[in-house]
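Encoded as structure tokens, here's the structure I'll be asking about.
Residue numbering begins at 1 within each chain, and the chains themselves are lettered A, B, C, D and E in the order written.
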Amino acid sequence: MKIMRVEKTLVSTNRIEQLGHRPLLVVQEKIGGTRSVAIDAVGCIPGDWVICVGSSAARDAAGSKDFPSDLTIVGIIDHWEPDAPAAPATKPAASEAGAASGEKA
Amino acid sequence: MKIMRVEKTLVSTNRIEQLGHRPLLVVQEKIGGTRSVAIDAVGCIPGDWVICVGSSAARDAAGSKDFPSDLTIVGIIDHWEPDAPAAPATKPAASEAGAASGEKA
Amino acid sequence: MKIMRVEKTLVSTNRIEQLGHRPLLVVQEKIGGTRSVAIDAVGCIPGDWVICVGSSAARDAAGSKDFPSDLTIVGIIDHWEPDAPAAPATKPAASEAGAASGEKA
Amino acid sequence: MKIMRVEKTLVSTNRIEQLGHRPLLVVQEKIGGTRSVAIDAVGCIPGDWVICVGSSAARDAAGSKDFPSDLTIVGIIDHWEPDAPAAPATKPAASEAGAASGEKA
Amino acid sequence: MKIMRVEKTLVSTNRIEQLGHRPLLVVQEKIGGTRSVAIDAVGCIPGDWVICVGSSAARDAAGSKDFPSDLTIVGIIDHWEPDAPAAPATKPAASEAGAASGEKA
């Protein structure tokens, strides 16, 4: 499972029926890193550091073997200290995003 | 799920029967990034920023457990601001592609 | 699905029985890039740019749910212009391979 | 399977029911590298170098086809010499983490 | 499937029951590259260049749908010329490992 940080909710009005009305969250492995989209199965908010499961496990974790997810949030980490050099990491910090964005992107 | 941008339709006359006549779209994680091919399940057009699901979920999302897809477009993002430094990102921009192509490729 | 280029056939006499006598092809995401091995389900030749499916879909695409493939060629692209800076890309070009080999390898 | 090193236990009070009370461990491919979370199926301790299985195999390895894991520790390596240049690697070494953290992160 | 080179056998006394006594081999995509662990289904020896299958196919290839493998060796390549610049690549070469180890690691 990956350790990721919730950035915000993603609005997608035009979506396939199987997704239902489940909220889609934008998550990042590190502040300023590449953004992915995850299904929330625990009820988290922007700024939370969470555990995301991928592969076929993401589907069951989202509630059903048929749910079309490849990334599902399965837990909120009680306390996480990200290892980015100079990142407080508890709030969205736009200025830090630029510094880190070239590393994996 | 990944956030990707639709670049264009891909023509492949010689294909396996299971793909049927489903349109194949060229998508990119960022303008100038590596290109992948996705099955369109929502009806999108070049320039759209979309949500792509991979893994085994891509198959169900494409319409059936037996469909041979590992990347299916499951939603169109209402509004997306890509984080590339100097990328307007609403149209294919050949000059930017060169600048970014070395990062993950 | 990935866009890859067929380089050549791979000879593997000592193989598991489930692979049968299916041809194994060496493919690359870009000329000079990392080489992978794919099962050919469409009948392609060296130099072709093809669509490769991975994940569990690669198995069905290869002909059966039990076939041990994680990368199967499912279509030949009618016309493909690779985005490598200075690559004609229609024939194997040994001299270009060196220049690009360090990028993702 | 990947060769990873156990760093510590991860506390996640708010988690999906299917995870039960199974311990979650933070693992790294190399000291100072990106952190992942794995389910422990063998009983290991911080500092152990372990074998982690991913994909759908992680689920069965964790004890059941329905367990939502995409990374499960399936064995402890008797003796492992990591290939990082200047890393003794038998104990958590905070000072080394900084030096290596930019490589893949 | 990936083209990898067998480095050595890996000893893991403390392992999950489902792995049985199957030999575990350390493999690398290139000399000096990141090491992975694969299940041997063909009978290979250190120095062999082999074809490794991942994803769910690794399980069937290892002998059963329930075997917990995500990387299984399915064939030995009759003749392989690795593309590393200055690598003879037929024997373990410790001195070359250092030069290449930073590229993907």
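As a convention for this text, a contact is a pair of C-beta atoms (placed from the backbone, for glycine too) under 8 Å apart; a residue touches a chain by one contact, two chains touch by 3 or more.
Since this is a predicted model, take the numbers as computed values, not measurements.
**Student:** By that same contact rule, can you tell me which chains touch subunit D and subunit E alike?
**Tutor:** Chains in contact with subunit D as well as subunit E: not a single one.
**Student:** Roughly how many whole angstrom separate the Cα centroids of subunit A and subunit D?
**Tutor:** 20
**Student:** From the mean C-alpha coordinate of subunit B to that of subunit D, what's the distance rounded to whole Å?
**Tutor:** 32
**Student:** Which subunit C residues sit where two or more other chains touch them?
**Tutor:** Only 54-56, 58, 104 qualify.
**Student:** Please report the chains around the ring in sequence, anchored at subunit A, with subunit B in second place.
**Tutor:** So the chains, read around the ring from subunit A toward subunit B, go A, B, C, E, D.
**Student:** Across the complex, what residues on subunit A touch subunit D?
**Tutor:** Touch list, subunit A to subunit D: 1-3, 29-30, 41-44, 51, 53-58, 60-61, 72, 74-79, 83-85, 103-104.
**Student:** Which of the residues in subunit A come into contact with subunit B in the complex?
**Tutor:** Residues of subunit A touching subunit B: 10-16, 18-19, 24, 26, 32, 34-38, 54-56, 58-59, 66-71, 97-98, 101-102, 104-105.
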